[in-house]
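Naming follows writing order (A, B, C and D), and every chain is counted from residue 1.
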Amino acid sequence: MEPLSTEDHLSQPIVDVSPPKWHLGHTTWFFETFILKNFKPGYRLFDERFGFLFNSYYESVGKRLLRDMRGTMTRPSLEEVWRYRQYVDEAMHELLKGPIPEEALELLELGLQHEQQHQELFLTDFKYILSVQPFHPVYKSDFKESTGNIPQEETYLEIPAGNYHIGYHGEGFCFDNELGRHQVYVHEFEISANLVSNAQWLAFMDAGGYSDHTYWHSEGWAWVNEESIKAPLYWERVGDTWHRFSLAGLEKIKPEEPVAHISYYEAYAFAEWRKQRLPTEAEWEVASERFDWGQRWEWTGSAYLPYPGFSKAAGAVGEYNGKFMVNQMVLRGASIATPEEHSRTTYRNFFHPHLRWQFTGLRLVK
Amino acid sequence: MEPLSTEDHLSQPIVDVSPPKWHLGHTTWFFETFILKNFKPGYRLFDERFGFLFNSYYESVGKRLLRDMRGTMTRPSLEEVWRYRQYVDEAMHELLKGPIPEEALELLELGLQHEQQHQELFLTDFKYILSVQPFHPVYKSDFKESTGNIPQEETYLEIPAGNYHIGYHGEGFCFDNELGRHQVYVHEFEISANLVSNAQWLAFMDAGGYSDHTYWHSEGWAWVNEESIKAPLYWERVGDTWHRFSLAGLEKIKPEEPVAHISYYEAYAFAEWRKQRLPTEAEWEVASERFDWGQRWEWTGSAYLPYPGFSKAAGAVGEYNGKFMVNQMVLRGASIATPEEHSRTTYRNFFHPHLRWQFTGLRLVK
Amino acid sequence: MEPLSTEDHLSQPIVDVSPPKWHLGHTTWFFETFILKNFKPGYRLFDERFGFLFNSYYESVGKRLLRDMRGTMTRPSLEEVWRYRQYVDEAMHELLKGPIPEEALELLELGLQHEQQHQELFLTDFKYILSVQPFHPVYKSDFKESTGNIPQEETYLEIPAGNYHIGYHGEGFCFDNELGRHQVYVHEFEISANLVSNAQWLAFMDAGGYSDHTYWHSEGWAWVNEESIKAPLYWERVGDTWHRFSLAGLEKIKPEEPVAHISYYEAYAFAEWRKQRLPTEAEWEVASERFDWGQRWEWTGSAYLPYPGFSKAAGAVGEYNGKFMVNQMVLRGASIATPEEHSRTTYRNFFHPHLRWQFTGLRLVK
Amino acid sequence: MEPLSTEDHLSQPIVDVSPPKWHLGHTTWFFETFILKNFKPGYRLFDERFGFLFNSYYESVGKRLLRDMRGTMTRPSLEEVWRYRQYVDEAMHELLKGPIPEEALELLELGLQHEQQHQELFLTDFKYILSVQPFHPVYKSDFKESTGNIPQEETYLEIPAGNYHIGYHGEGFCFDNELGRHQVYVHEFEISANLVSNAQWLAFMDAGGYSDHTYWHSEGWAWVNEESIKAPLYWERVGDTWHRFSLAGLEKIKPEEPVAHISYYEAYAFAEWRKQRLPTEAEWEVASERFDWGQRWEWTGSAYLPYPGFSKAAGAVGEYNGKFMVNQMVLRGASIATPEEHSRTTYRNFFHPHLRWQFTGLRLVK
């Protein structure tokens, strides 16, 4: 958050994007509400009213600020939210000096993972916030949105048919939606060793991919037309040349970079145009040991649904994942905005099929 | 269509419901466009302009009337659409007297199946059309919306884990979305031998199921609140007693009948309340030999996605199914409105999760 | 209504347009509700439920069908509504044989005037209903939408400044919004002896009138852009030539006819382009003895507001006019759809500034 | 602006309310664009891109930021906008040292008046911005939203009928919409010497004024129901007592204060309930010498229309008033937020009939 001005912390240009100040308050609130309040004897809330402000969607924990009004919350000030953060940090440090019940440790782990998710969201959201400024401001001039190049030659990895196990099974942390390691039958398939590149995406655009309905879902085609979609989000034509807005400012499109900021609808249409398809999440997980990933969240062809035996935790923490398991598609991998060691091959992210503000990309299957 | 007045054929109270006259013209158009035009030498179109009127969603076949304007189409008149029908029927009879290419026979089969789908849709739509008339008119006074009673005692069928095959594999007709019989691994499960009854649904309502967010998807909860949903569609409180509008008019709720006209959101919330779940479509198909079905379309917990190896037919016929494979949930079985012999255990129907005007019900899994 | 099919009576393509069947039922309901029910001893309602169906906006007389659902009302059938009409006509004839209280006579007069208004509305609405049919059907092939030609040379009538009286002051019928004849001071002005012609309107179009914001109200400019307005309603380009849909079918634009189907926003922009203005309603009324009128409803520059001393009648009849006196503009004159002898120079019609389905035109003032 | 935090300057909770930073930039831009750019030789724009950011609605001066995106404009920062202000102030001071053409002096006067309008808007908008903060923050604890009490006894002033002159006719500044002093005939009337008080408004509420359709315009009644309006804006029930949010925080309603923050719809309904009416703007102007005014903007019963002979100035300055002369009602007087000496009896303000965030009140006429 260092390069941000005070004002940068307040903006909410679309409902999906939260103001940075809100992310700060919300991650702090999580520790206060679920840990300090329950496990630190004599803990006094920093401000009783903050629960209302910084609750995101936990219906069980009481009323909350309407999501689309976060950008109007000038009070409490950023300064006061930082004081809140410091107060909670200190209380947490003190709590951690003594012996701690297992349940509190688990919530601490969850709180840290939750904060990492918001670190990722912060960067993703802040890119959007900067993008609506009229004059292409820069977050960090040396920020790199990808860390490697896609080779021109396509390589496919062959995966034999068979019963595989997917889902988390280690000792470490995972979210509830990854649990319930289970058997699935997977048919033989070949998966690309690489993400789709900007060069490949430009070929799709040049071939009229955005104006031929045969590649698109019916709802995708309606979306393309209503929103006049002609290129990935943040792409901008300057004279003859495609540019894209990045956290380092406006830059020429680099053909060898993995494409980013596409919707599921676009990913599907691209695959149709190539007469290929997206991997299912099981295929992706099975094959993932054999390719590099982590720069783009990768759209799969799987809808976000519970694993066999999935059950929600009791209480408000149970609202974490289960209630979103409808109308969304699964993404696998991680993105350039993901904190190190926050991801793993069993990690399940999910978004509505029209959303593009995440660093989303794709990988093809034959 | 016999009991309908001329006016009944024109009404379109919501965009999802098509006027009966449109169903009549559209099924006729299908035979003319895909068969007569291509396979009957010298065939003259009844009216060149009808393509525009009665095309439903086939983007490849040219412009079409906007879907929500169908109820304003007073011209051509019902009488003229019946003349169209007769003209096409006669041309079809003549065509069928001679030798017919295989491709035409396949399209004929598809046309007949397509018409059966519209027969089902017609009844379902027409129930909605009558329901918005202020005074509960009757379609047929002896129309029965269910053909059997649900026993009070619940019986579950045990299905062992294992690799099964699902998808169509016979000689007869099926739709493209059923093809590609393939292996799936299914975990052990128990599935109810019966549909959920009105009595069980009333228990859910009495237990406050519609006002406790913990049972609902986040989007389901928003839907319940925005639309003030408190009971299945067509249910109406008369004094102390719940009634429901049926094709035989307004009737008291019969506790032993299978519940109908619920959305996927409601089906999911009911299962959550029962601490059970909906079957996946694979589970349903695997178990379906062992229970009766056919009165209600049954919501599954599966999103509508292509089977492995699915590919669309070339041309306009390829728009039949594939382009709807996003944002919808699979239903299995059939309903009281389905023509006899139109269904089978591999049949895949699909609707958006908020829709209720179909005769939808549910069956639980432990 | 003679040339209409049964289906033509049911269509409601936009909320402002009512189905012909509804006009028929509503005018009948007016006589039943306000006269027969109160003044005919022993009168039995034709059907108690019709009040709900055919009440338009009289909140005081009970619940009513939502306005935008009129086109879904297939029951009661057209035939039954005609029976209703006959039943009420007969009861009215019988009532009129005997002595009748003054109050009933006044309501009878109001009922007849009300029916004439709906005769006008019927023609206007039915033109819209036909216009959305794909193939330009004809109402009556000899229907003339104007009865005279606009001379090419413009003539202006000079009206001296002074105190004038406006408002109704005769013995005959008038609506409550015309009452309260009162003094106004009017400045000197010159008013065109003729309506604006299609030729003049084409000149505005050729001069880029629809694409230059300086002529438009801010809200008019937003409307032009959102709705992509480029010509009057019903105008259609066929090859090189402007046509317009009329009750006699599609016809070439006749330059010498008065322009029709323009919104207040368009009328204002046209006047601005001409560096002239619309007359106020007082100016129009004062000058009206000296020019011909009656083919087009003429937009004035006056907002629809009560005359000094205006007061609403008690009860439901008082809902006739007063509650619409906000956000609408006054029109003066009459149109080609107005029944003979239904209008007079004090008559005040009113519509929202964006509406165009009436036969609206304009006349300029210097 | 002194008590505001940096964040307070950015919020735009509804489209009608502009962020304080935008007001600051916009008033500065006015001086730069219309005066410095044209009249100061060698003047260099502070930043060429600011025209885009701080243009409000002047279509003639080029592209502009969409109005509802003002609250997302984190860049340029508040600090930079203050630097812009200082730069323009200095350039203006320098310009004013030398001889200045008449045209520039007129624009300077207009710029100062324009800034006063935005001072008023700033206070009004900022009250709204604070009001959506969850915890009733205070702008200035000694801020008084009214400066006098309404006596319980009602006093009416009698004004005789006759021809009067209205419109501006002095030597000083006025806006173009006040010009064209002209004769009007006014009927005899009696006007209240005082504004309507909170006590009187509470009586209206207690009498069920918000739930009886007979007092309301048809569109007002729809608004009341859709928005669930039950009291003036900012009123809040705390236990048994009505409070209102003010710039001094949450306060008990004072019965003797003039009511504020009502829409035209509410003002009209109140007058109907009292069997009285609102004054026309001519009546208000004619009577205004005889009563005190200036605490509330007073709704009149007049629509906002041009005076006889009104014409717009050439170029962008001509967009000041004329293009808003449709769909709005006139207010007369001034409000507690109006800078001293900014108003006069000929001043015409105007708003849409549903708006309430201004300090609006009313005065009755018999």
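In this text, contacts are C-beta pairs under 8 Å (C-beta built on N, C-alpha and C of every residue); 3 or more make two chains touch, one makes a residue touch a chain.
Being a predicted model, the structure only gives us computed values, none of them experimental.
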| item | value |
| --- | --- |
| Chains touching both subunit A and subunit D, listed by label | none |
| Same-site or different-site touching of subunit B by its copy subunit C, using the half cut | same |
| Separation of mean Cα positions, subunit D and subunit C [Å, integer] | 35 |
| Centre-to-centre distance between subunit C and subunit B (centres being mean Cα positions), rounded to whole Å | 45 |
| Whole-Å gap between the CA centroids of subunit A and subunit C | 56 |
| Contacts with 2+ other chains: residues of subunit C | none |
| Set of all touching chain pairs, with the criterion as stated earlier | A-B, A-D, B-C, C-D |
| Residues of subunit B that touch subunit A when the two form their complex | 57, 59-60, 163, 182-185, 187, 213-214, 216-221, 264-265, 268, 277, 301-303, 305-306, 308-309, 318, 323-327, 329, 353 |
| Residues on subunit A engaged by subunit D in the complex (per definition of touch) | 5-13, 49, 52-53, 65, 69, 71-75, 77-78, 129-130, 132-135, 137 |
